[in-house]
Amino acid sequence: MVDRIAFIFVEALQAMRRNVTMSIAAISTCGLALFLLGGISLVYVALDSWGQSLSGKFEMRAYLKDGVKPPEISKVAGEIRSMPGVKAVFWIPRDKAWEREKVKYPKEVSQGLENPLPDAFKIVLSDLNQADAVEQSVQRLPQMDPQNPIQYLKAEQELVEQSRSFLRWLAGSLGALLLLTAGVLIYNAIRMTVFSRRKEARIMRLVGASLFTVRVPYMIEGTLHGLAGGALACFLLWACQLSLQNRLEAFTALGQLPPFPAGAAFLVLGGIGALYGFLASWIALWVPMRS
Amino acid sequence: MVDRIAFIFVEALQAMRRNVTMSIAAISTCGLALFLLGGISLVYVALDSWGQSLSGKFEMRAYLKDGVKPPEISKVAGEIRSMPGVKAVFWIPRDKAWEREKVKYPKEVSQGLENPLPDAFKIVLSDLNQADAVEQSVQRLPQMDPQNPIQYLKAEQELVEQSRSFLRWLAGSLGALLLLTAGVLIYNAIRMTVFSRRKEARIMRLVGASLFTVRVPYMIEGTLHGLAGGALACFLLWACQLSLQNRLEAFTALGQLPPFPAGAAFLVLGGIGALYGFLASWIALWVPMRS
Amino acid sequence: MPARPYIEYRDVHVVYSNGVKGLDGVSLQIQRGEFVFFVGETGAGKSTLLKLLSREEHHCEGEVRLDGQELSDFSEYNLHRLRRQMGVAPQDYDLLPNKTVWENVAYALRAVGRSRREVFDRVPKILLQVNVAHRADAFPSQLSGGEKQRVVIGRALINEPPLLLADEPTGNLDAAQSEEIMRLLADLNARGTTVLVASHDLPTMEKFSKRIVCLERGKIKEDLGG
Amino acid sequence: MPARPYIEYRDVHVVYSNGVKGLDGVSLQIQRGEFVFFVGETGAGKSTLLKLLSREEHHCEGEVRLDGQELSDFSEYNLHRLRRQMGVAPQDYDLLPNKTVWENVAYALRAVGRSRREVFDRVPKILLQVNVAHRADAFPSQLSGGEKQRVVIGRALINEPPLLLADEPTGNLDAAQSEEIMRLLADLNARGTTVLVASHDLPTMEKFSKRIVCLERGKIKEDLGG
C-alpha cells in the first residue's frame, strides 16, 4: 500500500520536474489568478474596516427639554448609549454650546444675549444603517424636546453609507467573479498540461495501468500546481501590501492598513488553489481523453 | 507575394482550427485577463466621475464686509467664479440667511433680535485640491471681512478627497498590476500552445522552411488569440455592465453609470489583446525552441 | 483442435472513421501456445488485427474473443484487466518521452502493481536480454531507431505475459539482431507464451518455420501452418 | 577523383550530451551523383552520419563539408538555405501530425517558396509515385507504418533535391515495396541526384550493387565501392 502511494506520488513529482515549461506556466497562472482573488479579498476587508471607521465620524444632535436635571440626563444618556447602532453619547451642556456659538459668530449675534440654547446630546453612531431607528427611539424619549427635532447630516450620511455599501458590493461581486475567473484560468492552464501529455496517458494505459494509476498522478500534479500557485499568490500579496503601506502613509485621513495575515492568506489561497487544481485536473482528464 | 502572404495566413488559421483545445484555452485565458483589465479600467473611470460629482457637493462660505452694495457684490462674485477650482458662487443675502437661522433655532435664539448676520457667498468647488488656494484668494479680496474667516468643512473635505484619491490610486495601481498580470497570463497560455507544438516547428524547419515561415504563423495565431480574447472580454464587460446597472438603481445617492463604451472597449481591449498575443508568441518562440 | 480456441476472430470487420476498411471479414483461430506471423502489404490490416486484441481499435462487426471472452465487454474502465494479460510492442515504438529507458520498462512493471523490489530485480535483466542495458539512462529521443525498438520489446516482455503482440519488431534491426529478437520470442513461445508477430521480414520468418497468416486488403489470403 | 568531393567528412567526432559517442573519427568522401548505402548494427552511427548533413546534429570535432562549404557555417537563422539543397526522409517518419498526407507533402513545396499552382501540379504525381494517393486526406495518425514511410519519402522527393538523405526508408515495407522504393531512388540517382541511404535491408542492397559503407561503433569498418 505504502509502496503504491509512493509510486503514484513519485510519478506526479517526476512529471512536474520533467515538464518544467508547462509546470512553470501552470503554476504562475494559478499564482496570478489567486493573487487577484486574494487582492480583491484584502481590498474588501480594508474597505469594510475603513467604512466602519468612517461611519464613526457621523453623529446626530438631540435636544433635551428645558429643566431636565443632570442625574436624569445621565440616565437618559445611558439609555441612548445602549441602543443598537450607537457608539457614544456626549452631553453638551447649554452653557458650553453657547460659548462655542459665541466664538462662531463673534460679531453681534451673541452680544449681551441670554443663552437661548437647550441642553443637548451628541450621539455618535457606529452603524449608519441604524440612524433612522436611533433617531426615532431617541425622539420618543420623554426627556427629549418634541419641538426641537434631532439634527443630523442626513444627505451626507446617506451618500457615505451608500458609497460604502456600493464599494463593498462592488468588491464582493468582483471577488465572486474572480473566484470564477481564477477557476477558469487554472482549469485552462492545467488542461493544457494534461492535453500536451495525452499521448503519454495512452501509452500508460497500453502497458496495463488502470485509469486510477494514470489519472491520480495528474490530479496530484494539478493539486500541487494549485498549491504552489497559492504560495506564489501569497508572496505577491505580501509584497503588494508592503508597497501599499508605504503609499498609505501619505493618506493621513485614511488610517492604517490592517497587518498582512500571512498565515491565513496562505491557508486560504493554498487551499483554494489546491482545490481548484484538483478539480481542474479532474475535469481536464475527462474532457480531452475522449477526443 | 500575395501567394506567400496567403500561405502564411492559411497556415495560421489552419493551426488554430486543428488545435481546438489549445485555442479555446488560450482564447478564454486571454479573454478573462483582458476582462479583468477592462473591468478595473471601467471601475477607475466610474470612481473618477463619481468622485468628481462628490466634490461638487463641497462648498465653502465666505463673509462680506458690512455695507458692500449689490453691484459690487456681483462683481466680486464674478471674480471668485473665475478662480480655478470654483464651480459656482451664490450670493446669500443676510436677510435670507437670518430667516434660515430662525427656522433652525425656532425657540428663543432669534426672538426679537435684529439680524446679526453678514452678507455671504456660498462657493461650490469643482476641485477639492484647489480648496486652500481658493480660500486664500477669496480671503484676500478687499470686499471680504478679514475678521470673519471663511468656513468650510475642512476635515470632512479632506477625508472625502483623500478617500477619492486613494481609491483612484488603488484602481490605478490595480490596473497597472493587471496589465502586467494579463501579460503574463496571455504569455503563459500562448507559450503553452507553442510549446505543445515544438516538434512541428522542428519538422517544418527540416523540410526547408525559413525561420520566418515557421514563426510568423505562430505569431499571427497568437495575435488572433489575443484579438479573440479582447472580443470575449468586451462581451463579458458588457454583460457585467448590464447587471451592474440594474444593481446600481438601488443606490440612489450614487447616480448613474456612464453608458458602456462598446466600440472603444473593443478597440482598446482587442488592441491590447492583439499586442500581447503578438509579443507573447514572439517571446515564446525564442524561449522554448532553444530547449 | 480443442473445443475453445485461445484467440478467435469471427467475421471481423473494421471500418475507420473515414470509410477506410481496416479489416474486411476476417475469421481466424489461434490456439494457446501458438506462434503466428502476420504478413501482407502495407495497409493490409496486420496492425489492425493486433490492435483489436489490445483494444486500441474497435471492431464494428463480428466477434473477437480472447480466452473465450468477447473483447467489446471490456469498458474503458476495466481495459487494464485485458491488457495485463498481454505484452504489446506497437509498431511506432511508443515510449514515454519523459522517462528514461529504465523508467519506461519499470513503469510497465509498476503499472500492473509490482513492487519496487521486483523492479530492481527484473529491469536490469530484461534490459540485458534485449541488449540496451548500456543506454538505461537515456531518454527515448536520445536513442537510435533500433534501440527504441528493443526497449519496446523489453517492455512488452517484462511482465511475462501469456500473450505477446509484436508489431513489426525488427523493422529497424539488422539481420543478426532480428534473429536474436526472434529467438527471444521463440524461447518465450517454447515456455508457453502465445506470440503474434506482424512482420515483413521474410528471411527471418522462413528460418523459424512457424504458422504464417497472409493478409491482403483486410482479408486473409493464405494461412500456412508452420 | 575530382579535386573537390561533393560531401566530405574529415575525422568527424560526435559526442552526445551524456557522453555517448555517436561518431568516433569518421573520414569519408562522396562524389556528386553517387549512391551510398550505410549499414551497421543499431547504434553504429548511421543516422548520426546523415543527421550531420542536415544539421540536426552537430559535430564537435573535425569537418563536414557539403559542396565545399563547412556546415558549421550555417547558423540557425540560415539553416533553411542548407536544407533546401536536400531532401530528408528521417528514420522516425516525422510528419506534421495536424496536417493530412496531401498537406504534409504540399507544405514541403510551399515552405521552399513554390506557388499554389505548383502544389496542385506536383503533389498528386508524387503521391501516386510513392503509392499513397488513395490516403491523401488521411492524417498521419490514421496511416499504417508503411504508408507513413512512403509519405516521408514522397515529401523528401517533392522538391527534386540534388541530395537525398533516406534513413531506413524501407524498415516497414515488404520486399516488393522496398524494391519499388529503391528503384525510385535509383532512378533519381540515374538522373544525377546524390542518394545516401541508411539501411538494414541487405537483400535489397545486394540487388542494387552500389557503394556500401559499413559502420561499427561510430567508426567506418568497410567501404565497398559498388
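A, B, C and D label the chains in the order they appear, each numbered from 1.
Simple rule for what comes next: contacts are C-beta pairs under 8 Å (C-beta built on N, C-alpha and C of every residue); 3 or more make two chains touch, one makes a residue touch a chain.
In this text, all values refer to a predicted model and were calculated from it rather than measured experimentally.
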item: Third chains touching both subunit C and subunit A; value: none
item: Given subunit A and subunit B, the chains that contact each of them; value: none
item: Longest centre-to-centre distance from subunit C, chain (CA-based); value: B
item: Distance from the mean Cα position of subunit D to that of subunit A, given in whole angstrom; value: 66
item: Centroid spacing, where centroids are CA-atom means, of subunit B and subunit D in whole angstrom; value: 62
item: Centroid distance [mean C-alpha coordinates] between subunit D and subunit C, Å; value: 29
item: Per-residue overlap in subunit A, given as positions that touch at least 2 other chains; value: none
item: Topology of the chain contact graph, where touching chains are joined (line, ring, star, complete, other); value: ring
item: Pairs of chains, among all present, that meet the touch criterion; value: A-B, A-C, B-D, C-D
item: Contact set on subunit A toward subunit C in their complex; value: 3-4, 6-7, 14-15, 18-19, 197, 199-200, 202-211, 213
item: Complex contact set, residues of subunit C against subunit D; value: 16-18, 20, 39-43, 47, 91-92, 135, 137-138, 142, 144-147, 149-150, 167-168, 171-177, 200, 202-203
item: Residue numbers on subunit D that touch subunit B, as the complex places them; value: 54, 56, 76-77, 79-80, 83-84, 88, 90, 94-99, 103, 107-108, 110-113, 115-116, 155, 159
item: In the complex, subunit B residues that touch subunit A; value: 21-22, 25-26, 28-29, 32-33, 35-36, 39, 43, 50, 54, 57, 105-109, 111, 113-114, 116-118, 147-148, 155-156, 158-159, 162-163, 165-167, 169-170, 174, 177-178, 181, 184-185, 188-189, 191-193, 195-196, 240, 247-248, 251-254, 288, 291
